[in-house]
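Below: a set of structures, written as structure tokens.
Presented sequentially are two complexes of chain A, the first with chain B as partner and the second with chain C.
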Partner chain A sequence: MKQRRLWPAVVVTALAFVSACGGSSGSGSAKDGITVWVDAARLPAAQAYAKAHPDKKVHVVTFDGDGNGATTLQTKIQLWNRSGKGWPDVIFSEQANDPVWMAKAPFDFAAPLEKLIPENVRSQWPQTSTAQCTVGGKQVCLQDNLAQVVLWVNKKQMEAFGYTVPTTWQDWAALGEKVAKEHPGYIVGNIGDSFSHWIYLWGNQCPLQQLEGDKVKIDPTDDHCTRAAALFDPLIKNGTLPPLSVFTPDFAKKYGGAQDKVLLMPGPSWYAQAVFDQALHVPAGEMTAANPLQWGSESPVTTGQVGGGPWIISKHSKNSAAAADFVTWVTTVFNPTGKDARPGYPAYAPLAEKWLQALASNPYFAADPTPALKTAADQVWAGWNLVTYPDQPVWSDKVVTKMVAGDSLSSLLPTLGSALGDAAKAAGYSVVGN
Partner chain B sequence: MALLLRGARVAVLAAFGVFFVGPLLWLVLAPTKSDHELVSRGPFTFGSIHHVALAWKHLYAFSDHIYLTWIGNSLLYAVTATAIVLVTAIPAGYCLALGSFPGRRLVLTLTLVVMMMPAAALVLPIFLELNALHLIGSVLSVILPFAFFPFGVNLAYIYYSTALPRELLDAARVDGCGEWGTFRRVALPLAKPVVALVLFFSFVSDWNNFFLPYTVLGDSKQYPIQVGLSTLLSSTPSFNPAVGGGGQQVGIFRPELALATLVAVVPVAIVFMLSQRSLVRGLVGGGVKE
Partner chain C sequence: MRVARSRGLHGWRGFAFVVPYLIVLVAFGILPVLYAVKLAFTTDGGGWAGFRNFTHSAGDYRFMSALGHVLVFTSVWLSLLIVFVVTLALLLHGRASRSSAAYRFLYYIPGALAGAASVLVWLFMLDPSVSPGSFFVHHVLGAHLFVESIAPGKLPLIFAMIAFWTGAGGWVVVMYGALNTIPQELEDAARIDGAGPLTLALRIKLPLIRKWIAYMVILSFATGTQLFVEPQLVNQASLGMVPDTWSSNQLAYQLAFRYADFNSAAAISVDLLAIGLLGAVVIISRTGLFKVES
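On to the complex of A and B.
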């Protein structure tokens, strides 16, 4: 009897659910508002825009950010292209090279910004940042933040050991040799992350992805690559430059927290929070930043970059003026203070000034890190270009795993160059210098 | 010798037990520790309830409480689709087992073939079909494909063709029942175990499906929990360094992620417990003929 009553109820409930929910809205461009896709870290910025502009309709969608080798946006954009609808008006990506493929067929998503955002606004981004957003001569994105590499210093430990902060790569390497003998277990960097080549080879002007028109130059035999690798190899061997990722539990256990064994670490601007505070739990009052390391007496000093998430406007947007207004606001106006402060160094120069002022008084740092961050912002080497293919998996697979097994970086450079060349060719580039 | 053999057996069983239970235990204990304690303390130590509460606070606050929305969405998709599956798969299995109609063998073969196809292989054609029907981005784009569950039809078919005595159905017909009445009053009540079996497998399959909703849904507020978990994973700096310094403000670390995973398992565990008795009966049903 019970069963007899149950079945119609189930059917009716199911149909009611389906009919009630069938018309639920999806995402996509709307004439009366905009849809923006952001990662969780950028959600407060999008919400703040909506709050500050109650007259504007902003539909915010959070997604994985496309970082760390995800292919979410490639999948989604191809599906939107296939269905001819659904494109959001604005996307924020954690992957700095996303605009490069977004501006090209078959994706053809990114809109040129020249007519959407005035030149006097766009000119406030550092030239190296604008260069990374320029594809085929057209600027297709604005970077949210800069991720310039500086030398992070554990001031407390360095002073306790009586060491001076190095200013050149050679001094840094010499200190690494000294630390290995005098304080074994302590480190002066790490080279086992998927982006470590952006820190150690980009900054040292190793031409591993240098665009020359439609060609990409990949030359691991270049002196800038081989001399850097030769400098790093003894440190990798003596344990002061371990081929481990800073984000692994092993690394935190061995070098972080109570161990407090990170003396120096070349790394991007966002390392302060994401690595030292949050992943390694280095106590407050110990860390600060020093200028990027110089190669001998060569000038100008150049550095690498790890990050610099871009904002991209869709060329399919039916409301591109509103989309441009949104992107302009989140990159040039949004600047909360205190615990909600922007986590990364703002790419828009006038905003960076304000952000640096707040950072200078942050009690986490042992000394003001802002002069070094400011110096490094203009030193990112422009000879390392963003490409459509992912290079980080190649570095991890061909180099990091082998270094862990005991191979030297010098011996792995040819393999790295060859694998990058294959990836470039598969992505449709002509390869030179390999 | 016997003692030695017994000792070896216990050692092997214990080794397998530790191998399989270890990760589960670690997962259960993970939210009781802070992110730092997770790497600095022993893997199987208990932290404190305070950390569980803190992890839940962070998880609940993530993206304006979207975690609960994801759980709600998963329930909506899985319950609705499973209801449709039960309404369609059980009668279909009954007809295939006891009916006789042209094309019966073909339908049976097709059911088996589709059942063996990996679900991911059908996602692109399903996407194109849903797009043609203008359903992309709607909840129907998830529920309708979920409601296609050939495994359920097959389970019902096997049950009815092996475990249900035809004499019972004949008796019902003699007593004046039509085909529908025979199914509703006799065949269906007797198929409780297989109904529970189909309910459980369909619910679990819908609950765990990632790729289809990931492809057809465009709004994070529509995501089911599995797609939501991938968003949580990519917001955790340990798993996605690209989130950079923003990770600290997002507040999702390894303990929060472990808690999110554990909570996501609860509905499946409840459905399993509710259908457990029938499940066991269903699994062994028809195994022995007396």
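On to the complex of A and C.
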């Protein structure tokens, strides 16, 4: 009797609660427009599209970009898959390997682009870029920009010290030794970023993630890895190749701005703006780019890559034509000039030409960086494949933290290999050469 | 008859006050637990899996290291919590009420910040180049760079420090409240018998708030083993220098969302639940928390 009297109160409260929860309905894929998810750097592109197409409804959502091994997109896509609704039509990701898992079960998010974007448009991307976006024989993304590694040079400081720009890794290392003696405190690179192995080991053809069917080859004992590590170790020790990240306040304080202590730095194409100008505040009229470094006299010259974020269209889009139009526009048309210029080297070749022309006359540079960027665009080593698991946190955790504590890169290669092997196995790959 | 009826009415009124909490408890506490238990014992397709998810997740190459981290963290943090919270509460209770109120407020402030926000404050505190406590970071942690502050060996201590700073204030207030329930006559009697402040604190007050301490330990033990926010935020802020599977709860999160293996993730959650329950049972049976003195 007593219990029954209470029930109305419980039911009323519960109903109020449930209706409050149900009040907000997710937007997801609008029937008469598209929803696009972009990072902060791609927001201007999405806004420009909306402005140039006032007749189209574009709902722009900004998110963290899924960079640095985050699981934002994995989490969201699984939740959308579980609830059966809410998927955006287009996603931009900062994580170059995201399309690999997005195209596979259980995520099954990325739509093949063959029917959505014509072949004559897609063929304008460099072959290495298209290969990176091809999963299981189907192209599932378009790269926004290329992130080929070049050698960034502080022309002003190099000339002031009377140094010539090295063309081989060996010359670069010899210069590092010289700098340590003659100008201690100056640096010829840095190896403490979560992606430093993409710069220093990818470019030197160290097989740390080489796909052979469903197998991944991880072989840190390969000569390409050990000889590179042996070359870097003395520089890490003498302080000209510090194991610090360019994105930390420590780094900017020590080497950036008024200190201006970066002489050389192997790094991707987007470093000019994002690192030298915005993070380190290197003054205008100092930096330029040189060709990627060669290993001795070996050819062909190969280089690494860092980034090159992809655009992905959802399989679940109810408006895939509009989504494809959006992706085509932001990758092939969007090209503002001056201060608002795209930060990265456009992957779409005809747009890259225009972008390079504008860059050549950019007063920030001490000399035209475009020949080097152009050369490097075709030199990215194809033996490093993108995989579903994140390798960058493994590098940070197993190698960078130990190098900070004083260990040599050579001594850490076996640990790196076995940790990458564990990560690969956990993601369902079989591992060879480890 | 009349007495019984009025007691019943009181009971109902009390219950009505608890109802909103009960609804939330069921919706966000009990139902998810039941769902996790169901997931932990079933396969991806919904079939019976027995203990396979448990053996699979325990066989993961990160499981033991994560569990080890969590146990070290929990023991460091719990020791800090018990010693400092009880000491601070006893000290406060011995002071004049005005200054004691000011201190209570001071201790409580960090706890008033939402969990994640207070961890973010620590990201700045631990970076020697921006920290207002850079002297402390240099000399106690021996770090000149943020990467050195968060070197793997220091992490349990760092996380314990963050968790203590964010949570201890609230417990100091709770303990103070507990001390206030001690009848004044008891203290007066002890004083007449010649007890000084130290004897009073150790012989009279401490034994009387034993159950509150047990209560704090039970809740904190469960919170400690389920550590997530601190390592997760430091992982992101350090761009991966701290692994994203440092704690068991993070491993469960990664299994669920990176590998889409909700069943193994649920198994780890159930492991943690079992550890928390076991801890509670041991503490309750040792301290007689629920014993009603007749």
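Brief remarks on what is shown
Following the convention adopted for this analysis, the second predicted complex is superposed on the first by the 409 of 434 C-alpha atoms of A that agree within 3 Å, B and C clash if a C-alpha of one lies under 4 Å from a C-alpha of the other, contacts with A are read in each partner's own complex, and residues count from 1 in each chain.
Rule of thumb we're sticking to: contacts are C-beta pairs under 8 Å (C-beta built on N, C-alpha and C of every residue); 3 or more make two chains touch, one makes a residue touch a chain.
Everything numeric in this text was worked out from a predicted model, so none of it was measured.
With the C-alpha superposition on chain A as described, chain C and chain B clash in the combined arrangement. When the two structures are aligned on the shared chain, A:340 is found in touch with chain B, with no touch to chain C.
In the superposition on chain A, A:40 makes contact with chain B only, while chain C stays out of contact range.
Of the two partner chains placed around the shared chain by superposition, chain B and chain C are both touched by A:194. Once the two complexes are laid over each other on the shared chain, residue contacts for A:427 go to chain C alone; chain B is not touched. In the superposed model, A:70 lies in contact with both chain B and chain C. Between chain B and chain C, more residues of chain A are touched by B. Using the contact criterion defined above for the overlaid structures, shared-chain residue A:253 touches chain B and also reaches chain C. In the superposition on chain A, A:397 contacts chain C only, with no contact to chain B.
In the superposed model, A:277 lies in contact with chain B only, and not with chain C. Taking the listed stretches 1-9, 55-63, 73-81 or 91-99 of chain B in turn, the superposition on chain A shows a clash with chain C for 91-99 alone. When the two complexes are laid over each other on chain A, chain A has residues 10, 13-14, 17, 68, 70, 75, 193-194, 245, 247-249, 253 in contact with both chain B and chain C. If you check the complex, the residues on chain B that touch chain A are 35-36, 38-40, 62-64, 66, 76, 79-80, 83-84, 86-87, 127-128, 131, 136-140, 143, 184, 188-189, 215, 217-222, 230-231, 233-235, 237-250, 252-253.
Contact residues on chain A toward chain C in their complex (touch as defined above): 2, 5-6, 9-10, 13-14, 17, 68-71, 74-75, 78, 106-107, 192-194, 244-245, 247-250, 253, 389, 392-393, 395-397, 400-401, 404-405, 422, 425-427. Of all the residues in chain C, the ones that touch chain A in their complex are 8, 12, 15-16, 19-20, 23, 27, 60-61, 127-130, 145-148, 151-152, 235-236, 238-244, 253-254, 256-260.
Per the touch definition, chain A reaches chain B in the complex via residues 3-4, 7, 10-11, 13-14, 17-18, 21-28, 39-44, 47, 59, 61-65, 67-68, 70, 75-76, 79, 82-83, 85-86, 94-95, 145, 147, 193-195, 245-249, 252-253, 256-258, 268, 270, 272-274, 277-279, 281, 307, 309, 339-340, 343-344.
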